[in-house]
Amino acid sequence: MRKIKVAIMGATGMVGQQYIRLLITHPWFGISLLIGKKSAGKPFGDTVEWVGEYDPPSSIKQIVVNELNPGVGGADIFFSCLPSDVAREVECEFAKEFAVVSDTSAFRMEDDIPLLIPELNAEHLKLIERQRKERDWRGLLVTGPNCTTSGLAMALKPIDDLYKVKKVIVTTMQALSGAGFPGVPSLMTVDNVMPYIKDEEEKVARETRKILGRFANNRVAENDMQVAASCNRVTVTDGHLETLYLETEKKVNVAEVKKALSEFKGLPQLLKLPSAPENPIIVREENDRPQPRRDRNSGSVPGMSVVVGRVRKGLDGNSLQLTILSHNTVRGAAGNAILIAELLLKQGYLEK
Amino acid sequence: MRKIKVAIMGATGMVGQQYIRLLITHPWFGISLLIGKKSAGKPFGDTVEWVGEYDPPSSIKQIVVNELNPGVGGADIFFSCLPSDVAREVECEFAKEFAVVSDTSAFRMEDDIPLLIPELNAEHLKLIERQRKERDWRGLLVTGPNCTTSGLAMALKPIDDLYKVKKVIVTTMQALSGAGFPGVPSLMTVDNVMPYIKDEEEKVARETRKILGRFANNRVAENDMQVAASCNRVTVTDGHLETLYLETEKKVNVAEVKKALSEFKGLPQLLKLPSAPENPIIVREENDRPQPRRDRNSGSVPGMSVVVGRVRKGLDGNSLQLTILSHNTVRGAAGNAILIAELLLKQGYLEK
Amino acid sequence: MRKIKVAIMGATGMVGQQYIRLLITHPWFGISLLIGKKSAGKPFGDTVEWVGEYDPPSSIKQIVVNELNPGVGGADIFFSCLPSDVAREVECEFAKEFAVVSDTSAFRMEDDIPLLIPELNAEHLKLIERQRKERDWRGLLVTGPNCTTSGLAMALKPIDDLYKVKKVIVTTMQALSGAGFPGVPSLMTVDNVMPYIKDEEEKVARETRKILGRFANNRVAENDMQVAASCNRVTVTDGHLETLYLETEKKVNVAEVKKALSEFKGLPQLLKLPSAPENPIIVREENDRPQPRRDRNSGSVPGMSVVVGRVRKGLDGNSLQLTILSHNTVRGAAGNAILIAELLLKQGYLEK
Amino acid sequence: MRKIKVAIMGATGMVGQQYIRLLITHPWFGISLLIGKKSAGKPFGDTVEWVGEYDPPSSIKQIVVNELNPGVGGADIFFSCLPSDVAREVECEFAKEFAVVSDTSAFRMEDDIPLLIPELNAEHLKLIERQRKERDWRGLLVTGPNCTTSGLAMALKPIDDLYKVKKVIVTTMQALSGAGFPGVPSLMTVDNVMPYIKDEEEKVARETRKILGRFANNRVAENDMQVAASCNRVTVTDGHLETLYLETEKKVNVAEVKKALSEFKGLPQLLKLPSAPENPIIVREENDRPQPRRDRNSGSVPGMSVVVGRVRKGLDGNSLQLTILSHNTVRGAAGNAILIAELLLKQGYLEK
């Protein structure tokens, strides 16, 4: 099979680097373009401040970064991890002709743009037909959620299906890589926790409701669960840890919850997509798990499974407590977007 | 004024060291005895693994650590920060003759033992009369709460007074010093968070209800607020950070909450006790406060004030969100116990 | 005594904040001006990103930051911790009329500018007469060394006096605050060490030779010891740790070295200057000292003493090994500069 | 090929866990026994405190840990990472019948025991003949060096071959995993560096001389280079960083050094042993490399290559400075021992 050509818009950032790491060995996709705003015109290897453990291959380092210009073409799928303000200007331009899969917040909440976690709401891809018609696009635009939302929504889905979740009280302990690079100054992170992340709490609440909403009559009806978040930054490189307190309509049963989480599968598992982990959710029985460093790369596709632990009752029979961990730049960004692209390809959305 | 002689039982531990630091300049109390189990018979300076920033003075280093033997006497107040199992064996023996103020969990929940935060429930000291009668003690035993409870109960008190708190969902990010020394292995703390602290969540719930309970008919009637805790250990030396979600009986008003917290004073402030901070609660308006490293020593008596930030509405008009910080070995242990002792002295409980 | 008015140029930076912390309680000096380039025109409290543990007092927060304009006057001493390129443009302008004490590298190596650690080379202040004559200044310019040099030169001086040091092999483990704010991105500091600090190794070598040089014939003859440095950045907030291997002309005696270091005093001690620590050098006998967190604030003036440990023989009788710690923003910057200003005042250099 | 049965003595420790991680996918060796002192009799999964990122496979967890009893047999190669005192008692007992490869310090410096880095001194294996004869063993005992020595000796070898190294001044910044588990308390590692590691400096000096010594007349004549070490513990999980200052007999040429290091190969590369990295030494040109987190797993066999950077001249033409990084539990322990075992097998030492 000839590889589908993909471009990375915002390639020099933290998430851009994660895209490169994941795509260089991808069975279906091949990187044909790296696109940047400030870095355009320079060889990628000269302009990137690479922060990961492994160096990019020299074939990637030699790519000259392209301008942000939809007229150039050169790829079938454009992954976007641009800064939000830049994304707002250009993503729709690219979507006129090309498939755009975006991790940015720019268009996540638009009525006709799917906000997708492929295991949870693949059905929302039906919005593509509407966006093409209403916006006169030959391409498409699909978005992935905020890095904090992605783990949360995944863990909530099977529980909401069982008991209907009415209220979610979530406190996050988020990784530094979620703030990009250079991100948080080190002097703020030694012997410290930052108790606030700008705009994050609002995003978590509204994105969760959209993702877990139902598609009907050509639109997504938001889930009516209420979400209150407290977002904190801790001194961890990768992996967002979140404690959840849930109130449900029906009585809960802890064993049933664990079973539903462990056995949960979505369309990507059914279709055996390359980036689909065997288990989107892994349940740990030990009291002291999940831990960011030890569990963030769990499962058959490292970084793509949400790890859940400490599932226990809340204050009454209609409440639950649990702790979840999700790799913020894999399932929370690049990995989820690549899985979206795999689903788009498999379901024929990339055919012209 | 001649100084009151005080002893520290468990002097070589983390909290013991904090006692020493706070007492060496105390205006009323003078250290006359250091007591230990394993370290007995050795000069303190030779047996302690001192972890604080400043070395103990040489006058302290030269003290030969005493055995755990109530017959020895030699002090008027015995501060106890022994391991809980040892505390259970000996604290009551000491209380037969002496005033014992304990940070251990051994007797906190006993019916006739006050669990005290002097600003909140000084009235519970009336249990001393009962304990003396029922147990035939000439001394007394008063306990301080778990390090996580102390900040929580302080912040809840003014809000409970205003609106009656029905439900508390609290997630903690606790400091390493709370686990004692050697405590948590460093390999567990680099690039990681530990999502569990043994027995902590249960203690937080039940101690909060006792502290905020009312004294009547010679007993403490527990407050009926419900508390669900998720306790985590983060890579911070000192200072427990906690996010709170509260549900209240009456409608909340954020400005009113901030005012009540800021203006809150207790009996120690009225009596101008030496370890009483001018403001037991400090409210910060900045979004990114409180932070452990920058705020744990705030206020007129470093480590004794609880710092509150991010006060905001919850999901409806009867709910609140806030973030609190409390120094776990000062207000959460040694400092609170010393304040208890000051109150005991001032109120005449130490007279024979 | 009426306080001498002092200005801080570059007040919003890391070192600027340290100046403020040290000067607000200074017995001789009072802050009359805060000066900045980008922050000019705004109240200090609104423009500074304060990183220290304690907030600046509100009297300081309300000061409107002044422009960098020597014509404005308003102070007798101008402390400069400006970025080096800005310093190069303006320090000499200020020195035409005012006393300037600078932590920047801009003019440290100029022939007629003293590079001063008051305990070591107070005699170099005689260059002031020369600079005034040659440059037609009514003010003066004195500089302090790089934060890494300051601890090194202090520890070397008594040893050089005893044995004549020929060769210094030094490896540093430097604190994050040495890189300013925002400084090093946190993603580079978790589970990592940065093995390089730009330009640092060269500065350490040449500044040490100048400081330890002899004043004669109106100039400083550099000390001819050779210095080879390897500079690293470790995940510590404050306090530069350095391992030294020294080769000397004369045979060494470890006990004699410890005695000379412990007993070392300089002119500031003799004059009892307010910022002069009782012992500029503190020698520790324990194998595992000095440690940054526990020793950086040692001594009678916190942060002003260099702490030395692990003094031992090298590979032969003419070599020594030792480990030193110096607080990089106190003795290594603001504290040393304030001590310079105290000496200037005491020796009559500030009289017009 | 049927796999050779190997046992791990001290399997529950940090290095034991690293052995398991490396051996579960080994092409030649299969784990047949896990041996422990305290953990004997329990299933490995119940007794180990696993600290790595990935869980051990359940096939390993189910193995019941064996006693330390040479009579049991059950393996052809016994890897030992026992505590040194235990090792001293039992390794020779096992060596009577079996091949023992040990990471412990117990017998490293014995005259007839090879201290081996397979790329450097494979010739020292000829001591096996002597040890068998003198000690009447049918088995054998080969040791690997201390984790700090291994990187140092590797980097020194090509330079010593070129110029003859006379003096080595080395400062280490060592990882926490080198102290085992629980190892260093976390309260000692936050915002701190520990400037001392017990016995380490002596080991580094004498082991380096033995490894780089020449085999002749049935014994190893130690290399006469002098080594002075200063060993520090920094807050890094894995990877020892070391700065080197070298003095050589012949004039140095930096380009020549880099070439010699980059091109260095040993017998394991020639024999294409499974754990032999393509390049035992990797030279980086960037100023800010090597870094522990980013470079410790470099190369074709992660953790087996020593990464060298900042190669530059010293104070004169006969001196060199460089910075090296070596993975302390892979090349510094388990990985090096497995490579020794591969070499033993390939060279026929395991045939009975």
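Order of writing sets the labels: A, B, C and D. Residues in every chain begin at 1.
Everything below uses one rule, namely that a contact is a pair of C-beta atoms (placed from the backbone, for glycine too) under 8 Å apart; a residue touches a chain by one contact, two chains touch by 3 or more.
Computed from a prediction, not measured in an experiment: that's the story for all the values here.
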Pair joined by the larger number of C-beta contacts - C-D, A-C: C-D
Distance-maximising chain from subunit C - centres being C-alpha averages: A
Euclidean distance of C-alpha centroids - subunit C vs subunit D, Å: 42
Distance from subunit C to subunit A - Cα centre to Cα centre, in angstrom: 48
Where subunit A touches two or more other chains at once, by residue number: 51, 188, 190-191, 235-237, 293-294
Partner subunit C, residues of subunit A touching it in the complex: 51, 176-177, 181-191, 235-237
Touch list for subunit A against partner subunit D, complex: 51-54, 190-191, 293-294, 297
Subunit B - residues contacting subunit A, complex: 167, 169, 171, 173, 188, 190-196, 198, 226, 228, 230, 232, 234-237, 241, 243, 245, 287-294, 309-310, 314-315, 319, 321, 323
